[in-house]
Amino acid sequence: MGDRFKEFTEFRHKMNERILAQDNKVIKRFFSIDTLTYQEGALNVKTKELLGLVASLVLRCDDCIAYHINKCKEAGVARDEMFEAMSVGLVVGGSIVIPHLRRAVAFLDEIETMETNGSSQELSEKN
Amino acid sequence: MGDRFKEFTEFRHKMNERILAQDNKVIKRFFSIDTLTYQEGALNVKTKELLGLVASLVLRCDDCIAYHINKCKEAGVARDEMFEAMSVGLVVGGSIVIPHLRRAVAFLDEIETMETNGSSQELSEKN
Amino acid sequence: MGDRFKEFTEFRHKMNERILAQDNKVIKRFFSIDTLTYQEGALNVKTKELLGLVASLVLRCDDCIAYHINKCKEAGVARDEMFEAMSVGLVVGGSIVIPHLRRAVAFLDEIETMETNGSSQELSEKN
Amino acid sequence: MGDRFKEFTEFRHKMNERILAQDNKVIKRFFSIDTLTYQEGALNVKTKELLGLVASLVLRCDDCIAYHINKCKEAGVARDEMFEAMSVGLVVGGSIVIPHLRRAVAFLDEIETMETNGSSQELSEKN
Amino acid sequence: MGDRFKEFTEFRHKMNERILAQDNKVIKRFFSIDTLTYQEGALNVKTKELLGLVASLVLRCDDCIAYHINKCKEAGVARDEMFEAMSVGLVVGGSIVIPHLRRAVAFLDEIETMETNGSSQELSEKN
Amino acid sequence: MGDRFKEFTEFRHKMNERILAQDNKVIKRFFSIDTLTYQEGALNVKTKELLGLVASLVLRCDDCIAYHINKCKEAGVARDEMFEAMSVGLVVGGSIVIPHLRRAVAFLDEIETMETNGSSQELSEKN
């Protein structure tokens, strides 16, 4: 079972609960828009998750990148499609993106290993 | 004929020539990778231009946004698809993106007006 | 009547209408959260507008800075308080902020001149 | 005793000493301006620390966020005021801020637990 | 006489005066550190101005880029050295830097034309 | 033997291999341009590595900063020159840079300790 994936998911769940437990209407509504953003519409989920991935890559947020890589996998994005999307992020964002690209690929490798080992069901439930 | 579009395109062409006239190998190769980035591959051109648009929006570069909006139009992206892609950019990048979103939509309106007026051929040649 | 202020306000209104005319639920909800964000709550409006100003300054968005300077004036923020808030933005964000600080102060001067000339009513209506 | 808080504070002190041990006039003066920035003036310390917090949040620097959360607590900022300031940072900076918001709230929880356990004196001395 | 250069320089001088006229100690000290930063030290002025140029390029501030291009010229940086420094900025910062690179080269062309026309004395006095 | 240095170098090598193993032409060419960027040209290697360091500092990427600090050491940049370059980054980028400056100096201390202990050969081979 992937350690980085597990740690990341658990912290994410725990802190989302802590944040939403505070009665702040703006933050609550923002979280609900965030969910709405990636739902099927004029564009399909796969395209929208790729958009989320590239936006996260050029803004260089490792957690956001990992989150969207996982969502892309769930939406059926293939490895070479993921790399092609990341190549757009690399060219637009520059070499400063490279360390994040390394961690992105390490994370992708980790969840692909989990899939191979039959942990894929657990994977999709955890998110 | 759209003024902002014309001015933007002419300056872009003129300065690209000036930049490439300087014999700098790194810059020249970068420009050639940049072109390669948006070509058909594992992902189609439409998806890649949408990725370029959202990356430009969250990094808040008006010229890059205008460039990719135009390329998206050429690739057949519909207005509601463009807005949906931009909604991802808005949520990921926050309200700081809004002034760029305004200019993006003003530019989109301008090139759609040009199309309606039959300037579309000129439009695609200029780029 | 201040030209930059007038032009900025008119473009803002016109494009907000164009954006909201498109039936995109995510963008519409985002705009409504944005309004909610600066309303009186645990913190007063003055403090929240100062927060918006400093966030805009360090992220270097001239339109956002101008918008919050105007809102700060409406909320009764004094000139030296505004400068002190901007000094926080300058130190956190660095010398790259300076050109935006220049335009911020030029805008502040412009709306203070409008006030002195008795255009203040028009000013608050326009926003 | 909070581990993240302790580790963060000790590294901060040790490295500030190392940096100032180097005889670089620009860096030394910058550090002294940085201290001056948050002192009582036209705005009170509480407001200035909230400005520092929101600037740090939209620029997404975890250490800076943690530093200003701690300073806000010392200046008497209540939890709901802190959340309201952070809601401004979230809306201005977008969903890319969320992972930092999670770590911010985890840090806030940690120092509030320390307070409850009577470690508050130690806390203020360490900074 | 170059229009962009003239307009930029005059606005810069006028607004620096307005900013320093406000009695804000933090801002005043920041401006004085900013000047100190580029003075001869362990590194020579030429190298320091190139550092300022690349920092401005990757942070994408047109005014800062123009300022440092002019300072680089005054410090004797040759055109190919300037391009090589900018190539570092382009690769680190990515294609999002390209529109700023275009305006940088347009500005460089403008001040080189001024030099050729014998306006160089005026140029150095204006800064 | 420096732990952070070792971990950083090994992860870097391993993931570069994983990234280049994927047959993505854009990414491969980008990596090869990245190498080309810092080679001797109109500017010497020392100056170019300092440019890379300052660009990395203002964009706040710890891995990139560590990489260029190591390259600067190899190119013969003295400690006070490195600090002077970093002072430019601090002033341009603001106090948000300070946590990265702390980690930069901690890394510099680590590799200088390695040199003193005679691990310098191993150091240059590892990169």
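Letters A, B, C, D, E and F mark the chains as written, and numbering starts fresh at 1 in each.
By our rule, contacts are C-beta pairs under 8 Å (C-beta built on N, C-alpha and C of every residue); 3 or more make two chains touch, one makes a residue touch a chain.
Owing to the predicted nature of the structure, the values given are computational and were not obtained by experimental measurement.
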Can you spot which of B-E, B-F or B-C is a repeat of the D-E interface, where more than half the contact pairs line up?
B-F
Remotest chain, subunit A as reference, centres from CA atoms
E
With chain centres defined as C-alpha means, what is the inter-centre distance between subunit A and subunit D in Å?
28
Centre-to-centre distance between subunit D and subunit C (centres being mean Cα positions), rounded to whole Å
26
Out of subunit A, which residues touch more than one other chain, so two or more?
26, 30, 33-34, 37, 55-56, 58-59, 64, 80, 83-84, 87, 90-93, 95-96
Of subunit B, residues touching subunit A in the complex:
33-34, 37-38, 41-43, 47-48, 50-52, 54-56, 58-59, 64, 78, 80-81, 83-85, 87-89, 91-93
Would you tell me which residues of subunit A are touching subunit D in their complex?
11-12, 15-16, 18-19, 22-24, 26-27, 30-31, 34, 37, 55-56, 59, 61-64
Residues of subunit F touching subunit C in their complex?
58, 90-97
Quick one: which bits of subunit D touch subunit E in the complex? Just the residue numbers, please.
25-26, 29-30, 33, 36-37
Give every residue of subunit E touching subunit B within the complex, in rising order.
60, 79-80, 83-84, 86-87, 90-91, 95-96, 98-99, 101-103, 105-106, 109
